[in-house]
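Here come two complexes built around chain A, the first alongside chain B, the second alongside chain C.
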Partner chain A sequence: MKISAGIILLTLVSLIGCATPPPYTQQTGVDSSPGRPTVYEDVNTPGRVAGIGLESQDVASMTDKMMGDMLATPILANRNVPPRVIIDSEYFRNESSSRINKNIITDRLRVNLNRASNGRMLFVGRHYADMVEKERSLKRGADGADGAPVVDRGTIKASRSTLGGDFRLGGRITTLDAVNTESGQASRTHQIIYEMVDLESGLIVWSGIYDFKKSARDNIIYR
Partner chain B sequence: MIGMMKTGFTVIIAGLFMAGCATTDPCVNILQEKPLEPGIKMNSVNIIDTSLYYEMVGGTYCDGVRVAPTTEEVNSGVVTRYKISVQETQSDRTNTGTMQVWTILRNHTNFPLQVEGRTQFFDSHKTPVEEMTAWQRVQLPPKSIGTYKVQSTRRDEGMSFYIEIREGR
Partner chain C sequence: MISKNQPATTLFIDRGCPLIRFFAARFNRWVLCCLLVSGCASTTDYEIVQVSDGVMTAYLENKPSLLHYHYTRVLREGRRNLVLNHMRAGLAAMELGEFDLAEESFDIALLNIESVYTDDENAAKARSLWYEEGRKDFKGEPYERAMAYYYRGLLYILKGDYENARASFKGGLLQDTMAEETTYQADFALLIFLEGWSSMMLGDWDMAQASFKEVQKYRPDFVIPHRDHNVLLIAETGNAPRKMAVGRGGAALGFIEGQGSREDGIRFVSGQSAYTGFPIENIFWQANTRGGRQVDHILAGKVSFRETNEVMGQTLTQLSLATLSMSPQFGDDAGVVAIVAGIIGLVGLGQQAVAERTQTQADTRYWDNLPDRVHVVTLNSEDSDRDLKAEFIKPNGRRIANLDKKITITPVNDRSGFAWVRPR
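Here is the complex of A and B:
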């Protein structure tokens, strides 16, 4: 019995001896222990931080679906003369309760469509219009030495005007929200519509819709 | 001294008891996962999530020779159990010449399921010609069907496809 009590006492003393603060707090008093390391995650899969808003897997999934659908539409992707298309966020409106930079949707759609269409559709960079105009005025103006243009004409054949668009993307993000005040459970239905508009007649030549509903006890902030 | 003798006796009894258990039964019931098939089967649907579809090749082995599964084992669902099944898979060409594939999935459970599908398209040389599509979610109501449909962006001749299905996350 005496021996057992002695062993217990010795064990306790040993354990207390182990409970010294770790080395990283000893010198400064500040806990500088390494935090959780950054991890890469698949953009096509819900990550560790997920809520009821519009997220990366939704953006990837819907732009992929819209791209395939547009390329299967003859008026857009099977014309003898490839149409000139403008895809940007100018007329793509966010009227939803989700905070999102619309450009992440329209940029991904334009870039992937441009790469995949392989000349079946031509893309006019209207969001770069001021950049193009600035360069054209430098090439054509008389602000240089002896009234000459500031820069030369480059190697591309000059044109009187820049390209006009045949079709332009419009769209809207809308949501329907519901919250259970007792449980804090929130749900949000997103509806994202895409429409390609004929820039001469105003005719909508193609439409696409993507919707989903998520619910969670939402404590995620989208920034 | 008496205490030591008691301890020794206990150890001997326990040893004999354990040795008695070590008889070898020639027939061993083994359930093992079906081995992965090498390569990709073109124009097919692969349910990659074992929570949706889990196929077992197993049963009773006698001296290394498989003598089962028995009819009872198969009927009891030990060999193959699944939540969803592929009802039909088809492909055709859209009006612009791109490839369109779809697969009809059936939910065999009594509760709604979400699954996700993605597709890799290949050219006639079995070379991947596009990036794998993004995961598309498909809702499957209880005991009902849902369709996963996807279009390629290219219109090459002789294209083939490979679809992967997993449980929605």
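Here is the complex of A and C:
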């Protein structure tokens, strides 16, 4: 009987090829790849790690938009006497399902507005009120021995009281979540409203809204 | 014998050739050996990260010694178990009152839970035939993820940040919507209640009412807290539900209730008053009512592939053995028959090896220091001392004296209070 060696080899290769187990490297359960050096990323663009929550590019975009909007509002940015404005997170509420330090939004807004308004709006640091009061007490002697001042008056003219605000920022972050259990697609709609309130009358003199929706689907292995 | 007249690629085998008989005889033995050892099974071991003593010491330096076991595992087991180990470590830190450390751990766990894994290498491997599901980076089942949000929310409450606490509880609830069984989607009454409690502490009474009414849908016995309540007491009892691989090839994920605990309820005693905890959540129930997972279909496919290869492999191997034993009867053709039988045997072995290496097991890693049940009490701070006694009780209502704990209500924002207790 004559058997072609080519056929035997071909048979062997094809059959054993099917049978040969793949690389079995189960033992490497850890990521042993080298570390990645620190890189700076643009806060205006989505980062390497992303989810459906509020992220840096969202904060940057919405504060920039709100800032531009406020500067274009005459009652805030074009008064003969610049208004005193308080922007902090005290009345900026998070009712959403995104955990966030609200200060990142209000701080960015206040700082950028302060720089861009160029004196058309004045900003009262209500969140520093405690610090200011302490210094005023030291200057005026309430804390000193026999009521004597502890420190001198500094170079700024003394005032009887600290500044009151004309307007204060209020706002709210809300979300609407949805999950498609069949596809595993999750989405979250954020709505962030900003309102500037007249601190004498309670009138809302300016409102801004920013909303966006994000959706993502995790790998099937996690669904 | 090789004919010189033929092209080099063609081999002619003379059935009477002594060389062929020589190789055939050895080939037989070799194939037989292979067939005999083919039953050896492989096991899965995961490599640990080699961490230098200096790095480990620096990492553990600011952590209490009682937590070193957990945090050592964080470093040694790497990314694959990062979330799991931080969940365990965070909860252990909470028990020790190391709340800052617990916050760090849960923040890391939640960051990874919230990250969307699209083209992750380990996730891709976990889907393949050759790796078990446990190869993936752990993110936990929905009940585990929800509990991570729950603990993070409690930590926010302790810091007086009810807004982020509420966001955490909502986030946890979102995880529970992953249940395949629609009846059990978003039915995590504990998180709904805490969302309502956070709203109540923020002065959002309407939102709180809406949440509490939703709790009543799932827990009809639940009594809506009185509007002047400002203290929340939470007790956890029992041991974590355990996961196990069940079904064909261990490809389905099953749960068993945590064993080894005697307590079933809680009573908070303040002076002459006693407040019985309302059992608002059963974690085992949450784990067990999720229903199927999408990944189960992948695992079922793996089982099918494995079984097909197993059957074919066994059949070919048996055929090979039978042919080998009969080969001497072929006289001068015995060598060739033996070679053919050997090839068939090799193919059979190969298929068995493929079957053997097909990883069908479901991922059974689980968060082992979770409780089984959570109980809540709300009251007005004027109705209770700041120092209370927590009495854990058996299912028959009798107190387990050696589990008594003294607890102190932590003031939150000067307006509310919070205490959290576990029996061990």
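Here is the rule we use: the second predicted complex is superposed on the first by the 178 of 223 C-alpha atoms of A that agree within 3 Å, B and C clash if a C-alpha of one lies under 4 Å from a C-alpha of the other, contacts with A are read in each partner's own complex, and residues count from 1 in each chain.
FYI, a contact is a pair of C-beta atoms (placed from the backbone, for glycine too) under 8 Å apart; a residue touches a chain by one contact, two chains touch by 3 or more.
Nothing here was measured: the structure is a model prediction, and the numbers come from that model.
**Q** Per the contact definition in the header, classify A:Asn94: touching chain B only (first), chain C only (second), both, or neither.
**A** second
**Q** First (chain B), second (chain C), both or neither: which does A:Ala216 touch?
**A** A:Ala216 contacts chain C only, not chain B.
**Q** Of the partners chain B and chain C, which touch A:Gly165 in the superposed model: first, second, both, neither?
**A** So A:Gly165 meets neither chain B nor chain C here.
**Q** Please work out whether A:Ser117 is in contact with chain B alone, chain C alone, both, or neither, and reply first, second, both or neither.
**A** first
**Q** Quick check for you: in the superposed arrangement, does A:Pro74 touch first (chain B), second (chain C), both or neither?
**A** Only chain B; A:Pro74 stays clear of chain C.
**Q** Which of the two, chain B or chain C, is in touch with more residues of chain A?
**A** Ranking chain B and chain C by residues of chain A touched puts C first.
**Q** A:Gln57 in the overlay: touching chain B, chain C, both, or neither? Say first, second, both or neither.
**A** Only chain B; A:Gln57 stays clear of chain C.
**Q** Contacts for A:Lys65 in the overlay, against chain B (first) and chain C (second): which applies, first, second, both or neither?
**A** Only chain B is touched by A:Lys65; chain C is not.
**Q** Which of the residues in chain B end up touching chain A in this complex?
**A** Residues of chain B touching chain A: 94-98, 100, 118, 130, 133-137, 150-154, 169.
**Q** Of all residues in chain A, which touch chain B in the complex?
**A** Chain A residues touching chain B: 44-46, 57, 60-61, 63-65, 67-69, 71-74, 77-78, 116-118, 120, 212.
**Q** If we count contacts the way the header does, which residues on chain A are in touch with chain C in the complex?
**A** 1-6, 8, 11-12, 15-16, 18-24, 26-32, 49-53, 93-100, 102, 175, 177, 179, 181, 184, 186, 216-223
**Q** Within the complex, which stretch of chain C touches chain A?
**A** For this pair, the touching residues of chain C are 9-13, 15, 42, 44-49, 77-80, 110-111, 114-118, 120, 122-124, 126-127, 129-133, 135-136, 139, 152, 156, 163-164, 166-168, 170-171, 173-174, 177-180, 182, 185, 202, 204, 207, 293-295, 298, 333, 336, 339, 343, 346-347, 349-351, 353-354, 356-357, 359.
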